[in-house]
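Look for chain A in each of the two complexes below; its partner is chain B in the first and chain C in the second.
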Partner chain A sequence: MAELSQWVYDTPAKKTKRKWRIWEMTSYAYILPLLVILIGFYVIPIVMSFALSFTKYNIMQPPTYIGAKNYMKLFTDETFIKSIQNTFLFMICVVPIQTIGALLMAVWLTAWKRSWLARFVQSVMFIPVISSMILIGIVWRILLNGDTSPLNMVVDWLGFAPDWLGDSDIALFTLMGISIWKNIGYFMVLYIAGLMEIPAVYHEAAKVDGANIFQEFFAITIPCLRKTTVLVVFLGIIWSFQIFDLVYTLTGGGPGNATMTMVVHIFNLNFKQFNTGYAMTVANVLFLINATFVIVQKRFLKSDS
Partner chain B sequence: MKLINRIMILTLVLTMALSSVGCSKSIETAAAEGPSASDEKQEIVLWLPPIGEDDAPVWEPILKEYEETNNVDVTLEIIPWDNYPEKYATAIAAGKGPDVGYMYAEMFPHFIEVGAVEDLTPYLSEEDYENFIYINDGKMMGGLYGLGIEAANPAVLYYNKDILESLGEEAPKTWADFRRISKAATQDTDGDGKIDQWGLAQGWGRSMFGDLNWNWYGFLWQAGGELYNDDLKTVRFNDEKGLKAATLLYNLKFEDEALPPNHMSKTNKEMLTTTFGEGNAAFCIWLSSAAGEILDKNFEALNYDFVLSLEDESKGTFASVDQLTLMSGAENKELAFGLMEHILNAKSMTEFHKYHPRAPISKDEPYQGDPRLQEMIETQNGVYRPLVVAPHGVEVYNQLWTQLQMMMAGEKTPQEALDSAADWSNELLADK
Partner chain C sequence: MILKKKKMKITVTIIGYVVLLLIACIMVVPFLYMFLTSLKVTYSAYNFKFSLDELTLANYVQIIEEKEFIKYFLNSTIIAVSGVIISVVFSSLAGFAFAQKQFYGKEHIFLFMLATLIIPSTVTMLPLYIIMRQLDWLNTFYALILPIPTAMGVFLMRQAMLGIPRELIEAARIDGCSDLRIFIQIVLPLVKPAIITLTIFTFIGAWNEFLWPLIATTDGTVRTLTVGLSTMRSQYTVNYGLVMAGATLTFLPSFIIYMVLQSKFIEGVTLSGVKG
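Take a look at the complex of A and B:
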């Protein structure tokens, strides 16, 4: 690109405008494939979703305009209200635990990186990240529901035998635990990358000044990892709002609506109740929530830089 | 950078952009041409659910015979029950539905209303009306939209004879018998202080409404209730009869504690195999075909029997009449209907029912079902019955199932659960 701009500048003045135009068109040509994908798979569906939310539509017949009726329904839809509550609760519980857990794991692994245990843990913790969520759901369903499940045998021996997926008081927390277990490895890797960027001289200077490991952690490590933490937190928030396959595989949103989340509700509305218009309404609410968090995240990162 | 390099890069970028269009087009062209080398052979796509445990090899010779006789390719796809109506809806919306399908009562209204299912009246002969036993069950919403393929497989109440004998009880006849025995059967049998035997192995953990078949409909009808009012414009399962049925189930759990602790996370079939089959429950409700297909094969030590229905105000139990359907999107409807008749003829069904013993579908088919069920199937037709085909069946029953789950989870009382489901359903039906 530097050579290209140099080629433009080296050109006599009367030909410069034409060459700038060629340069601009070349630039657009490079981004054209991605632009087509973005418009086709993101922008157009969002616009269509907004338009369909004002209709009664069952995907097999043409949509019928009904005004804001779908949006009014949101306030009386018991399942929608429960799904929003569950989704927010999921986010509030999962994000702090997986953020702090990932940070502590990363700090420990970085400090003990030469030990075989640390290398083993680092590899093992990333396996759930690369595994299919559907497969994870099936495995955990056997672990939590099976009569010969070793996990249930252990807890039974300890004197309590919860119905992990059937007790409406704990089913959602069970799903949170599995979600944390799956994703913590990913965020740990992000933190490890962030830790490696902290100049070693900071820690050396702190040691010279007599700081202990806790003082180093709070005074150096955490402030230097601010950008990484913002990324981890907001990724965690957005993933929490999008939670679907784990819930669908393990509980389907049940028992009752105990584990119903927004995306599962959208799925049920669209594919089980054939109420696509209303499903798009709920999807738009989710979109607005996610967009809000993305904008807030950008502001955080902008203020940092 | 040299001009030639720039041109090459631009060409590469444009080629990548165009190839994404070209690829899809080539896939469409290939799909239109079909996998068969011969362009003259037509293809019929047949969608079936898993009727038995492993159906595809059983259907293969039956379909092959039709293929050879009519010079067609029949493509069979087995669709899992849990995603069944969704698969149809999305495929039909995309114009890629089957030519011949399989539907149950709850599905029909929606797909008939959108014109996805063909009225079979013009295709049927006098002989068909004479021969097909369940042809009247295909009459609905002003037409005849299906031919019965799976019928007379009622839900029965299995009971453990050993447990009942140890309690000094006989087979239950009434709700009072059932509740008394369930409560008495729930006990610690090995003296370790933990309950290890329960009255009723009933699962409420399924994510879709299919387990209403065993958990709810029978009790509702035995209480004298119905799901819909006669005009099919409102529901009535929340009346005093429905409340009576729901209260029975609620009390079995919360007063009698007769259900195993993991009943909210297991499906009813899982409870049959993990709890009742293992001899740890007095009762379980499931398909009559499970006697031969599951219990006899896998639980030889289990000493069991069954009753068709308990009696309260009335008797009643669920037995679906699932139908083969001719889809409106079929390219060659005559050929597709021919496949339906071939599948349902005496020869094909005799072959199919050798592997999955069931009552006959046509009058010229011999009985090959479980001999223990023959008298019950042939003489108690009024006791077992299918659901009435009513509007928004899938949505109404999904909502009812969710609310009953909440009731069994202790989040709602029986009246609250039924009223929530009824209000939601009536609003949907009024909005139709």
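Take a look at the complex of A and C:
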């Protein structure tokens, strides 16, 4: 009530000022809901993850402090070492192939965009992107499982019929192939968007100067797409470290530890071995790797502008 | 000479077409296989013979009669739709404040929100599980819906709302328009494209999410389609037709959205790409 009477007697100038204050103060109400969610479901968990990694903890019993023991354990945990190796191998193989593949497809489809087939291929390449990894895992598992899988019936006449998922030398590469198949459409669309931003004058100038397609590609297209390439490469790296669904449905990390990845290891440590404290230690390593790549990416983009 | 060049061009074009066709096949065949297998009751993955009179909807009938599947489908729908709603509402509210208002600590709070994008959900899942367990929210919709919004949404909405001229909003305020009315009647209609983009990506993300629902649902009450599908696969190891019918129905919503709003996807990828 006092507020209201104050309001009536205020001068117009003061009124405007008050209104401005209300306008300002309500800002906090506007950001609060999202802030609560982000703090509750991102910030608090990462703090918990850090704190609990110094404890022996299994959800059922309260945590006990054990210092850096969990971190020392990383160096002797063969499954962890294998999962790191697998993840890096995955990244080293997948990122270049999908980056170059996406770039070439984008340039090709953009050049041919008047042809219906090129437009069709562009739409079709995005279909795996929108579908769930679980669904893809289930379908590919049926296509690949065993010696007499449907795919093997097709490649049989080429003279080889590998056990795509059961052979420990091949399984990881099979996963790489499926991962590229799923994601390449996404990266290609990023490149297509990047290509549309290159001013047409550049290409015209190159033609006037008598450059052939290859010179044009290396002297104009690639440098102009630098920003997109940074994005595609780093997203590819970050996604490589997060891989879980595909492994879970296709191999479960096996045979042996042949396709073990960091996230699968974290999952198993917590839900099969009930070693939550140590699972969080591995998760923190994953977080550090992720953060490092994000920061390096920011540096790359900054040095651009 | 010119003729030779022309001939070569035609050859290159033909080879190009063949390669494109091959790529299209590689992309589509697994989905086609999924769909065609779902229409057969031969219980075999290796039977490639399709004749029109052999095709049947029996798998779909069986899967729909099974109450579990329908429940999972509804759960997934409820989760994805609610996730979209809270994502859009919260992100646009916050985006409005960040884009059009002045308040103490604005830049810092915004950067703080963006910084949460660096934290992968694979890292937060275990602590989140502990939190939800403590709150007694496991096997409830809260656990599955509330963590859906990310800072990506507020980034998108702020970006779109920065483009609204300040004069427009000031004019409305001078006319005595309340804060909330400005937001609903002036700002939201102007950022429709960003809302559509956020809606599509949140929906598909939530619909396809697997790891968190797998952890947060220990029984069937709020289990999602992706988790249900994965358990179904181990349940019916031989009945490929039934599993493929389930997979096809899981795929359908995303596919329909994609078919209807294809151009929005390209836009959305570009927008989410520039976040950097």
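What we mean here is this: the second predicted complex is superposed on the first by the 271 of 305 C-alpha atoms of A that agree within 3 Å, B and C clash if a C-alpha of one lies under 4 Å from a C-alpha of the other, contacts with A are read in each partner's own complex, and residues count from 1 in each chain.
Just so it is clear, contacts are C-beta pairs under 8 Å (C-beta built on N, C-alpha and C of every residue); 3 or more make two chains touch, one makes a residue touch a chain.
All values reported here derive from a predicted model rather than from experimental measurement.
When the two complexes are overlaid on their common chain A, residue A:61 makes contact with chain B while staying clear of chain C. When the shared chain is aligned, chain C comes close enough to touch A:126, but chain B does not.
Once chain A of one complex is fitted onto chain A of the other, the partner contacts of A:78 are limited to chain B, with no touch recorded for chain C.
The wider contact with chain A, measured as residues touched, comes from C rather than the other of chain B and chain C. Contact with neither chain B nor chain C is seen for A:222 once the two complexes are overlaid on the shared chain. Within the superposed three-chain model, A:165 lies in touch with chain B and out of touch with chain C [touch as defined at top]. By the document's definition of touching, of the two partners only chain B reaches A:257; chain C does not.
Using the contact criterion defined above for the overlaid structures, shared-chain residue A:139 touches chain C, although it does not reach chain B. In the superposed model, A:30 makes contact with both chain B and chain C.
In the superposition on chain A, chain A positions 26, 30, 33, 59, 145, 248, 271 are in contact with chain B in one complex as well as with chain C in the other.
Against chain A, in their complex, chain B makes its touches with residues 1, 6, 10, 13-14, 16-17, 20, 83, 85-86, 89-90, 92-93, 110, 114, 116, 204-208, 261-266, 274, 394-395, 398, 402-403, 405-406, 408-411, 420. The touching residues of chain A, when paired with chain C in their complex, are 19, 22-28, 30-31, 33-35, 37-38, 40-46, 48-49, 52, 59, 105, 108, 112, 115, 117-118, 120-121, 123-128, 130-136, 138-143, 145, 148-150, 153, 181, 185-186, 189-190, 192-193, 227-228, 230-231, 238, 241-242, 244-245, 248-249, 263, 266-267, 270-271, 276, 279-280, 283-284, 286-287, 290-291, 294, 297-298, 301. Chain C makes touch with chain A in their complex at residues 16-17, 20-21, 23-24, 26-28, 30-31, 33-34, 37, 45-46, 48, 86, 89-91, 93-94, 96-98, 101-103, 106, 109, 113, 116, 118-120, 122-124, 126-131, 133, 146-147, 149-151, 153-154, 173, 179, 204, 207-208, 210-211, 215, 226, 229-230, 233, 240, 243-244, 247, 250-251, 254-255, 257-258, 262, 265-266, 269-270, 273, 276. Interface residues of chain A facing chain B in the complex, by the touch rule stated above, are 3-4, 7, 26, 29-30, 32-33, 36, 58-61, 78-79, 144-145, 147, 161, 163-168, 248, 251-258, 268, 271-275.
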